[in-house]
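What follows are several structures.
What follows is a pair of complexes built around chain A, which joins chain B in one and chain C in the other.
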Partner chain A sequence: MGNIVVFFVLLSLGYVVGRAAERNHFKSIRKRERRYRNILCFSERRPPPDLTLPVNTILVSGNVVIAVDYFKVVAAGLRSLIGGQVHAFETLMERARREAILRMKEEAKRHGAKLIINVKLETASITKGQRQQARCVEVFAYGSALVSAQEK
Partner chain B sequence: MLISNIEIIPGKKIVKHLGMVQGNTVRTKHVGRDLMAGFKNIFGGELKGYTELLNDAREEATRRMTEQARAIGANAVLNVRFSTSSIAAGAAELFVYGTAVVLEP
Partner chain C sequence: MKYENPSIPEGINYSNNHPLQDLFLMLLVFVGCIIISIVMLFTLTAHLAKNIPFSTELALAESLTFSASDDGERYPELQHYLQQLAEQLARTEQLPDDMSIYIHYVNDATVNAFASLGGQIYIHCGLLEKLPNENALSMVLAHEIAHIKHRDPIVAAGRGLSILLALGSMLGIGDNSMSEQLIAHVSNITALAYNRNQELEADNEAIQSLLRRYGHLSGSVALFQILQLQKEVPLEPPEFFSTHPLTESRLERLSALAQSSPGGVTPLPPNLMTSINCE
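Let's turn to the complex of A and B:
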């Protein structure tokens, strides 16, 4: 009986707090994305042909580790019984990815860059296969920022 | 030492290829951080401790790679890739590799 009460308390805590946290996070992501809109990101390997030389190349990166809340774990567990799309985890991954890209852009801005090329995204679940352990996902974004050497 | 994940640096010429260099580190988290992470698993959200830990670990791996490149006389590492793998429960390996070259301005 006690177990069931604990389960429902955790479930509702995860639902209420987790959802509020996610909403705030998305709000903050959208705000910062607007701020860094002038920094362009490309997955293209080569620099654009109309690039004005000389430029400095700097490796910029951003990473974030996000934990799954209790409600999402339960929702995904139930979903795995019938299969299909797990919306709870999709938003989690989206948050992590956008946050990592934003942090990379923040670093690029510190160097005064307007352009990042060859952007790569890497996802890792760092605590795989552990029970009773934090379930979290890491997203790491990196790329080459091109900074015009003449402006400085 | 220039480190970049593109193969061609605009305005610079590669005069010598020196082969692949690499750096790695295996890190594990400590109990205090893990306890906090346990709480976070109820509410969700970012695990700042882990973010920092992995960031530091990547810097360390990059530093090792840079040392290796410097030892063989390179002044740049190009086409750098990062890779992460969880090798055992609670331990993650951060691996970074690239091509050591001599660049001429």
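Let's turn to the complex of A and C:
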């Protein structure tokens, strides 16, 4: 009986707190994305051909780890019994990807870069739980920022 | 070639379903699966439990401690009388040879009687003092003996146990020692719940054996009148046949049968009845 009470307390706590955190995070992501819109990101390996200025390249990266709330763990656990799209983890991955790219852009901005090429994303799940459940997700974004050689 | 990062619309990488709606749907499927498996377990255990040898049931019953007390030692004559009557009825009912009946007299005022594991029948003083004649007492005992003959106690215990175990393992509570704890827990459920069908079959069996013994059903109807009165008393704890919503229809059925075959009523031994005093 006690187990069930604890379970529901954790579930509703996870839902309320997790959802509020997610909403705030998305808000902040959208705000910062607008701020860094002038920094362009591409997965192209080579710089744009019309680039004429001499540039230096700097490796820039952004890294984020986001934990799963209890509600998402339960929802995903139930989903793993039934099968289908794990809606609970979709928003989580979206947040992690966008946040990692933003952090990479922030670093590029510190170097005065306007363009990042060869952008790649790496994903890892860390903190395996008791039953080998992923409780945290890490997204690492990296790329080559092109910094004008003349300005330096 | 123009290089640009278009602004990507929101919500294209994730579904906008409300998470609670998602969870609710999944829970619905999950609970549905549990219900289906429980129904399957129910039917399966009913079939399997009937094949458990009576000797095994006896051994199980001996290992359990029942919460109901047995005051038969304080009333040896009454105990003897009840046991004799039960054994005669068991013979009338053609109880298989390997089965045995043991009556426990419980000296308290609750209006109750029930059959339990290992051929044990508990009859409470409250019910006994309300019974007007031997025919009604025989009806009670024959009904309980019929439960034992039909293996209802072991089926009910098996059902209860398998469902507790299934729920326990599905919800992930408990460990290997769980089953032992559960068996001990089931032992506390002295009054095992039988379903309508089991009750009806026990009734039919009891009616048959009463007809064989007395040739009529005259006095037995009284039992159901008592039970019906009992139902109208509020705040009674779960009592004799409380799982039994059929008292009225049983009464009608029995009254019809009793009228079709009238006969004399056998009284209860008066000296025994005056000696009992419910606590």
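As a convention for this text, the second predicted complex is superposed on the first by the 144 of 152 C-alpha atoms of A that agree within 3 Å, B and C clash if a C-alpha of one lies under 4 Å from a C-alpha of the other, contacts with A are read in each partner's own complex, and residues count from 1 in each chain.
Here is the rule we use: contacts are C-beta pairs under 8 Å (C-beta built on N, C-alpha and C of every residue); 3 or more make two chains touch, one makes a residue touch a chain.
From a predicted model like this one, the values you see are computed outputs, not experimental measurements.
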item	value
Combined model on chain A: chain C and chain B, fit or clash	fit
Which superposed partner A:N63 touches (first chain B, second chain C, both, neither)	first
Which of chain B and chain C A:E90 touches, first, second, both or neither	second
Chain C, chain A and chain B - angle at the middle CA centre, rounded to the nearest 10 degrees	120
Partner chain(s) touched by A:N118 [first = chain B, second = chain C, both, neither]	first
Chain A: partner with more touched residues, chain B or chain C	B
Per-pair minimum CA distance [chain C against chain B, superposed on A] in Å	15
Interface residues of chain A shared between complexes with chain B and chain C	72
For the chain C and chain A complex, residues of the former touching the latter	1, 3-5, 7, 10, 13-15, 17, 19-20, 22-23, 26-27, 29-30, 171, 173
Chain C partner contacts - residues on chain A that touch it in the complex	3-4, 15, 19, 30, 37, 40-42, 48-50, 71-72, 74-75, 78-79, 81-82, 85, 87-88, 90-91, 93-94, 115
Touch list for chain B against partner chain A, complex	2-11, 34, 37-38, 40-47, 50-51, 54-55, 58, 80-86, 89-90, 92
Residue ranges of chain A in contact with chain B within the complex	10, 13-14, 17-18, 21-22, 25, 45-47, 51, 53-55, 57-59, 61, 63-70, 72-73, 92, 99, 117-118, 120, 122, 124-130, 133-136, 138, 140, 142-144, 146
